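Okay, so subunit A shows up in both of these, paired with subunit B first and subunit C after.
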Partner chain A sequence: MVERTPILNFFTHLILFAGFVFCVAPFVIVAIAASHNLKDVNDVPMSLLPGSDFWVNIKTAWTTADLGPKLFNSFIMAFGVAAGKVIVSALTAFSIVYFRYPGRMLIFWLIFVTLMLPLEVRIVPTYAVVANVLDPYQAIMDLTGLSWLIQKISGVQVQLSLGLLNSYSGLILPLVATATGTFLYRQFFLTVPDELTEAARMDGAGALRFFVDILLPLSRNNMAALGTIMFLWAWNQYLWPLLITTDQSHAMAVTELKQLIPNVGGAPEWHIAMAGTLIVMVPPMIVVVLMQRWFVRGLIATEK
Partner chain B sequence: MEKRVTFGRWTIGILFAVPQLILIFTFFYWPAGQAVYWSLTLQQPWGGGNIWVGLDNFRSILANADYWNSITASMIFAGISTGLAMVIALVLAALTDRQLAGSWLYRVVLIWPYGIAAPALALAFRFILAPEAGFMAVVNKVWPGFWDPGLDGADAMASIIIAFSWKYVGYNFIFFLAAFQAIPRSLIEAAAMDGSGVIRRFWDIQFPLITPTIFFLLVINITESFQDSFGIVDIMTAGGPANATNLMVYKIYSDGFKGLDYSGAAAQSIILMFLIIALTIVQFRFIERRVHYR
Partner chain C sequence: MASITIRGVKKNYAKTQVVHGVDLDFASGEFVVILGPSGCGKSTLLRMIAGLEEISDGTIAIDGTVVNKLEPRERGCAMVFQNYALYPHMSVAQNIGYSLKVAGVPAAERAERVQAVARVLELEHLLDRKPMALSGGQRQRVAMGRAMIREPKVFLFDEPLSNLDAKLRVQMRSEIRKLHRRLNATSVFVTHDQVEAMTLADRLVVMNGGRVEQVGTPAEVYSRPASRFVATFVGAPAMNMLEGTVTLDGLSLLGDSRKLNVSRTGLAVGAKVAVGIRPEAVRMVAPGTPGALEASVDLIEELGAGRVIYVDLDGAPFSIVTSETVHPEPGSTVGLQFAEADLHFFSSETGGRLDVFKATVPEPAL
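Right, the complex of A and B next:
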């Protein structure tokens, strides 16, 4: 505070409080609606005093949408994406920053370009690739005449095929294939003093030893930030899981929400829908609240 | 910036990059190339490969009124929701930066909405804004027929804009607050000494200094409004009523996977790709030159 401005301070508090209400109200309304019964939730206006059916509704939503296994799938996917990002990006950034080899800048730009096109806009062909991940390699072998050659020599016709629809790898791998984390690590690696590298080399450490014993422990903060942000990002994915999991056993919690929308003509079971929404909201909320520092840092660092 | 000290064995270096390269080749470059190929060909209805049709797919899309409707809807959505989310966040961040008592609370709480999955908040808002239950029902009771997102396109558009803005206020807030806090206190104090008030200081000092953040967020918000809107649209309106909220990504999805028109969907993807690339280039080329840097 620089000077005394009582009137302005009053309005500052007023506006900030309005913003606070604006942010929190939907959470509160969802929680209250989830505690009503069918009649109370459809009352106009709905009572803002919590009802008594909270656990009943949670239980109904849990069984209707079969959320147990779906939450488990969501966890696997979110952890998988977070772990994959944290590891793969660290490796790549190390390669780009600490080595000089021909084509290094080309690799840098190849990775950089992936930042520009999100999965959503290339969803149709990515789906086709995941239906058979080896399709690109088959096409390359066909084009280069390699498969023709193999057929001539061994008589075996090359048919590479590996479908990843309805599998965890099909869910996770395409989401790992972007550049977000790579640049986060790159920025950090560039700030690591050269003297450290020199000292390590003087003591006889090779590239791998330096990476594992010095660089990775130093990047712990980055890993936490990147892991948090990627976990949330993956947990909140919707379009991709929707397409790729036609089989119920691999469906995600977030995509199951659609089943809870009250049907036109059916009973307006908003209390069940809101209970389901609450269940799906809670895990990312816990991550945001517990990891707030890393979350904010990851948010700012991955984008800039 | 380059490292002075590096490791000599560059074969090992390349090996480190191999996992990433395989991933982006398989799941990024190949599909992107495939999209270009599909957009220029037409799949024959009973198999037998693709026939080359040149730019016909693009021509038929651009001649389609539904597509232009989808572009208009996307632009309206992007414009209004970005504007709302950024202005609200800017005001809240500027006020939080005054660091009055209790401002830590806003710093903590205002980011929460960003952690929520778009479909989950969409379902929440579908209830809150439902015409027959929830809160807009109260308004409907006073003025019957005032609000019905299921029938009125404008209401449906307003619903998805509210849901999207709610999520992105928190996101923008974090960046704005970081930008405000990066401005040296001494600058503000010196201006206050010279007798300028809070509003004056905002327009003449803080606002010019955070223009890079404003433009950065502008581009991010518009790009996100193209992508992150999918879950919101799918849960709240499913593109309706009468295509009023059939945003571009949603149309790609429904044409490609429900209508099974891969070529048309691919051509639409290409147009969207160019839009997003153009936005990114604008960000890097033109905007960065005009903004103030310390």
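Right, the complex of A and C next:
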């Protein structure tokens, strides 16, 4: 719809601009605060003209919170989660859309229902499983009397134990399953013309071949979109890393930010905290900027 | 090269049966066209031959081997789809060579064979392009190249020309025909377009409602349609049909309003029949000519080389194709005359052909 309405245009731009200011203003304030010294940042009201200590504050924040290794940890975790989600959900959706087997819809809906069970809801059982991945199997063996039987026969006491606390796997694996991703892929796969599948069959390609050669290249926009969103989501995870990383060597950048927040009775060093926040914000921003072109295409248009 | 034998093939979707027991034999190297209206089961039949659709009952054999349980790739068929079904992310060369890649043919040999196919189809300058950057006709040629490169025993075409514009369609039609002459592989071509069917087919299979109505050369199907359906479906404008009853001295048509003097060999008095006459077999004569039916002119369609004249025969629509330069005024009365040999009789109940006359079948004009 193309209309020539100068007044309406003016108002729509006004609304757009207001929204822009609303979104960007907090970041501008953070950036300005990060450039002040201890005295200026605590002035009321704080001066909105940038100060001169920006790089000094950034450096202080970096060394105080030891952000280097933390950013690395965060990156490993966010990248692992995003990549895991992209792969697992592609496979799940492929199975659901392209294969006919009993219970297919049931499985789809079970996956769908997990949308209503975010990590926060199932945090206790999830923690228990990560603390000892084999615990459920131990329980099954105990319940069925299998461990008793094994002990009777071989004299070995069955004690399965595999802990993932304080490890990258423990950080990543519980976050990899995703209903959103499965759903996104499913919707995309449904738009792929049946004739393409049939042409691949006529060309002699088996299911896996079709998936790798045809479906995956076609869904690269989808993968980029999902990967970006999930990278950001994983980067911003707070509760889960806080819970399972007791060891400083596996701490995440986002959780370690709290070290920079002034304690009660300590010096109100908000300029350092703001500088740290800025540093932690940079990697996801780079990802968004790099992926933006694909990302938008993947969410909006189906390529025809 | 391979023959195809289809025996009692049926197809059910849940409870609906869409193909009701088809028996057909396609000889090796033959170009067979399956013609029928949409929903007649022609595409389903083709897809069952290809292996894309399960066969509910009966058998399909290619070269004597029953293929019911074989995967598409094991049947030696190649298929050209209606929407081309090219892989959008692959270049033309990759599209054509994909089946070889899957089969594990080394890259050098693959490139060579792609080149050879591209030369035949005049696609050499387009090999690096993506399908998106091609015109409809070019895409169609790529789709054919993809089928050709495997050197299949059987070519299957599923309405491959229906997405092209009229001019391109005529051009591709003759290209497919030439290609067939060159490769001489057994080809099965499905279409709802009768001109396509008539021009391409060595043999024509007319289907309706999941059944085969007639099998024959295009000339046979045109000149001796086996049923009322075939008679009205093949030929444009469609064959005129008049309901009538056999009387002592001929036929009474249209609820006794008209009489037709014909010898009535083999038909019982009182039998209900439908009389068919091709528009191009009707001659216009002056009204009042003895033995002619009188009708009033409704509409004239000028075709350049000839014209179609639509007349009204007591409420029944009737058309005449003539190349004579006559221009009767709409509303005027004309006389219609035709030879007995040009009449086709069909049973009113079953729709089957009633052979009243020993009609002669002209030699297939090829």
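Following the convention adopted for this analysis, the second predicted complex is superposed on the first by the 269 of 304 C-alpha atoms of A that agree within 3 Å, B and C clash if a C-alpha of one lies under 4 Å from a C-alpha of the other, contacts with A are read in each partner's own complex, and residues count from 1 in each chain.
One rule holds for everything that comes next: a residue touches a chain if its C-beta (ideal position, glycine included) is under 8 Å from a C-beta of that chain, and two chains touch if they have at least 3 such contacts.
A quick note: this is a predicted structure, and the numbers were derived from the prediction, not measured.
Visitor: Looking at the overlay, what does A:Ala131 touch: subunit B (first), subunit C (second), both, or neither?
Guide: neither
Visitor: Tell me which partner A:Gly204 touches in the superposition: subunit B (first), subunit C (second), both or neither.
Guide: The second partner, subunit C, only.
Visitor: First (subunit B), second (subunit C), both or neither: which does A:Ile214 touch?
Guide: A:Ile214 contacts subunit C only, not subunit B.
Visitor: So in the superposed three-chain picture, is A:Ile150 touching just subunit B, just subunit C, both, or none of them (first/second/both/neither)?
Guide: In the superposed model, A:Ile150 contacts neither subunit B nor subunit C.
Visitor: Given the superposition on chain A, which partner contacts more residues in subunit A: subunit B or subunit C?
Guide: Partner with more touched residues of subunit A: B.
Visitor: Have a look at where A:Ala31 lands relative to subunit B and subunit C in the superposition and call it first, second, both or neither.
Guide: The answer is neither, since A:Ala31 touches no partner chain.
Visitor: In the superposed arrangement, does A:Glu120 touch subunit B (first), subunit C (second), both or neither?
Guide: first
Visitor: After superposition on the shared chain, which partner residues are touched by A:Leu162: those of subunit B (first), subunit C (second), both, or neither?
Guide: In the superposed model, A:Leu162 contacts neither subunit B nor subunit C.
Visitor: One more residue to check, A:His13. First (subunit B), second (subunit C), both or neither?
Guide: first
Visitor: Which residues form the common part of the subunit A surface touched by subunit B and by subunit C?
Guide: 198, 201, 303
Visitor: If we count contacts the way the header does, which residues on subunit C are in touch with subunit A in the complex?
Guide: 50-52, 71-73, 77-79, 81-83, 85-89, 98-99, 102-103, 146, 150
Visitor: List the residues on subunit A that touch subunit C in their complex, please.
Guide: 193, 195-196, 198-205, 209, 213-214, 217-218, 303
Visitor: Going by the contact rule set out above, which residues of subunit B touch subunit A in the complex?
Guide: Touching subunit A: residues 1, 3-7, 9-17, 19-21, 23-32, 34-35, 38, 88, 91-92, 95-96, 98-100, 102-103, 105-106, 108-121, 123-128, 130, 132-135, 137-138, 141, 166, 169-171, 174-175, 178, 188-189, 192, 197-198, 216, 220, 223, 226-227, 230-231, 234-235, 249, 252-253, 256-257, 262, 265-266, 269, 272-273, 276-277, 280 of subunit B.
Visitor: Can you list the residues on subunit A that touch subunit B in the complex?
Guide: Per the stated touch rule, the residues are 1-3, 5, 8-9, 12-13, 15-16, 19-20, 22-24, 26-27, 29-30, 33, 41-46, 88-89, 91-92, 94-101, 104, 107, 110-111, 114, 116-118, 120-130, 133, 135-136, 173-174, 176-179, 182, 189-190, 194, 197-198, 201, 206-208, 210, 232, 235-236, 238-239, 242-243, 254-255, 257-258, 260-261, 268, 270, 273-274, 276-277, 280-281, 284-285, 287-289, 292, 295-296, 299-300, 303-304.
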